[in-house]
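What follows is subunit A paired twice: with subunit B in the first complex and subunit C in the second.
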Partner chain A sequence: MNAPFFKYGLFGDDVSLVVAFVIGIGFGFFLERGGFGNGRKLAAQFYFNDLTVFKVMFTAIITAMVGIYYLSVIGWMDLSLVYLNPTYIVPQTVGGLLLGFGFVIGGYCPGTSCVSAVTGKIDGMVYLLGIVVGIFIFGEIFPLISTFYTSTPMGQITLSQLFNIPYGILVFAVVMMAIGGFAAAEWAEKKLGNKIVEP
Partner chain B sequence: MSSTSTEVHHGPKPYWNPYLSGIGLGLVLLLSYVIMGRGLGASGAFSSLVATGVSTIAPEHARANTFYNEYLADTTKSPLKDWLVFEVLGVLAGGFISGALAGRIKKTVEKGPRISVRGRLFFAFIGGTMMGVGAKLARGCTSGQALTGGAVLNVGSWAFMLAVFGGAYMIAYFFRRQWK
Partner chain C sequence: MKNIFPKLSMNKKLALIAFVLGLTAIFAGNPYRGSSVTMDVKELALIIDKQADHISSEELAGWIIQEKSDFKLLDLRAEKEFNEYHIPSAELVPLAELNEYPLLRNEKLVLYSEGGIHSAQAWMLLRAKGYKSVYMLMGGLDEWTDKILFPKLAQNATPEQTAAFEKMKEVSKFFGGSPQAGGVVEEVSAKKSIPKLEMPSGTSAPTAGKKKKKEGC
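Let's look at the complex of A and B:
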């Protein structure tokens, strides 16, 4: 097997759009299944009532991470052909903080607000409108902040390269930390009386 | 809103076990990497949408701006004929399918009991706006950075993820009336 298939020219741009749609269906489906279309459930993460956001996110991350690692080790996937978003550490951290504020204030993130809006939530629809306005504001002020936007570049870099830890050991460590986090989350939810948010 | 176990078939079905939903999401992300060599995203689709809108109304203004122009660079095709735009259309379809199958499609406003509908919608708009600016500054959102970059141990994505949780916990107390 030679993955990523698209990079090996198995199909062209037009087919890739069909793939995008199908992958999107899976993405939206599992987001909704987990309760991510519900702003109350998402926000509950930040009041320690319902830690579903943490559990779903880190289960997803370690599932994909272990899969990618395994496929690359057995030689089925060429990691050099996998896209790695370049790191600009300061603007990305500031952007992350802003995003965290928006998450608590608005109740969603971009992907989850799509699922919220399409399942009838008015707050999700208004949130989507806010995202569009926010991106427009960013676009309009971009000439003023472009220096900051491109500051502190670190290039395409992984934690394994940064800390000089072998890829496999780091994958193992992240899985162990996630499992520890899940145990802590289960304990905290019980301690706080299992106030899990239902539909 | 909430239904007891005896009337569960009348109301919406409960959400899935979080670990099961997480494995599902992780496999979709893995599949995206295997098939496309890239992960998932969401905010990028809205950038294409905004860039298209601005260039329709004020083409020269859009061309002069490096941010918009990045989405308009390829003049041989519409900026909406984009991978993330189609992926987000899929997210809308997938979310609808899952919600419909579980009886969870309902016109409602998700909020805590101590805030008015108008107040909640105001905050939803403000939060969305902050998210829009933040996601562009960070070069991605929870999907494009945290999940996608998280799985390949991208440095910027992990810094971003810590900042998202940090920022949210930092201000959660002040917005508790909206949710609790």
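Let's look at the complex of A and C:
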């Protein structure tokens, strides 16, 4: 059977919701077990006390990347069927910065706030409420910002296409970035992370 | 190497594995399949032989009238011809753009062109690319025009033929056509005029539906 399973018709819309539910619960469970349901631990990375989040996320990225790459190369997966979010560089940069500020101030990103809220943390619930209010406001003002929202479109582009380098070399470069990032993170935790900011 | 590896910490082992996989990737090639495919000639020949590769214009007309939404109707002709007339609910996919057009492997696809040649060729391409339920419209738009839009009843028709024609008349009118009995055109318009695009009364047939499913996080 070829992946992606849904697009090859292994299961339909109904079953895909069940699959999404199982994956979602699994994702939340492991986030919680990794300590990502705690706003302090998440915010600590911005003070270089604890870069677990950075390390976990980068590990996830290279694991997925290497897995997808090799599955596609040996023909078990059709990469052209994997959806790519289209790039709108300026609005997405602004959006990324907004999310980053929210992350530093609130101590959560959207996924971890759900984890935190269901484990009974009040700050997580407030954060989740903030997300809902934000979605509502975004929806209401969308007509005003829709021109900006769709400005600077670059299409469904990958780094490999943008820089015109082979995918294999890009995979290697990202792996090296990750390994370098992990080493730098360990160093930063030791050198810069001893300023105690926790109350 | 054998002696060093077990002594490394777990993190270093994982980093080493990632490094090796990354290094191999440089030489492993492109993950995208591009437009080259492999096909199972025997399997395709069997399908063609069993005639499981096409649907008739009557069947298609029935599906559209029942407002079935479990299939995608693809018009492979040029844009100009598409704009003049197309079967309601059809989407314009010129043959050259077939490889890039967003289609799902699990969708039922019905192809049609002017006659049957282009749709047969596109059928072969899609089957080879791994689309499982692809069908062509028998006889293409030509047969659709003859059978659905302008059905004829011969003067010396048998009662069965007449009964079938009576049924067909309703179908034809649904699609804005004009049935012809005994060589005489029943409707006011004596000339075979291809119906206007907004004709299908009753169906909400959005042309070239651009409702791409939003995906991603």
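Note that in this section the second predicted complex is superposed on the first by the 190 of 199 C-alpha atoms of A that agree within 3 Å, B and C clash if a C-alpha of one lies under 4 Å from a C-alpha of the other, contacts with A are read in each partner's own complex, and residues count from 1 in each chain.
We adopt the following convention: a residue touches a chain if its C-beta (ideal position, glycine included) is under 8 Å from a C-beta of that chain, and two chains touch if they have at least 3 such contacts.
Fair warning: this is a prediction, and the values are worked out from it, not measured in the lab.
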On subunit A, which partner's contacts cover more residues, subunit B's or subunit C's?
B
Looking at the overlay, does A:Ile169 come into contact with subunit B only (first), subunit C only (second), both, or neither?
second
Looking at the overlay, does A:Ile179 come into contact with subunit B only (first), subunit C only (second), both, or neither?
second
Per the contact definition in the header, classify A:Glu32: touching subunit B only (first), subunit C only (second), both, or neither.
first
Touching partner for A:Ile62 - first (subunit B), second (subunit C), both, neither:
both
With both complexes overlaid on chain A, does A:Leu81 touch subunit B (first), subunit C (second), both or neither?
both
Check whether A:Val22 is in contact with subunit B, with subunit C, with both or with neither, and answer first, second, both or neither.
first
Once chain A of both complexes is superposed, is A:Asn2 in touch with subunit B (first), subunit C (second), both, or neither?
second
Jot down the residues of subunit A that show up as touching in both complexes, subunit B in one and subunit C in the other.
6-7, 59, 62, 68, 79, 81, 83-85, 167, 171, 174, 182
Subunit C contacts subunit A in the complex at 11, 14-15, 18-19, 21-23, 25-33, 104-106, 130, 132, 215-216
Tell me, which parts of subunit A touch subunit C in their complex?
2, 6-9, 12, 59, 62, 66, 68-70, 72-73, 75, 78-81, 83-85, 166-169, 171-172, 174-176, 178-179, 182
In their shared complex, subunit B is touched by residues of subunit A numbered 3-7, 16-41, 43-47, 52, 55-65, 67-68, 71, 77, 79, 81-89, 91-124, 126-140, 142-143, 145-146, 149, 154, 157-160, 162, 167, 170-171, 174, 182, 198-199
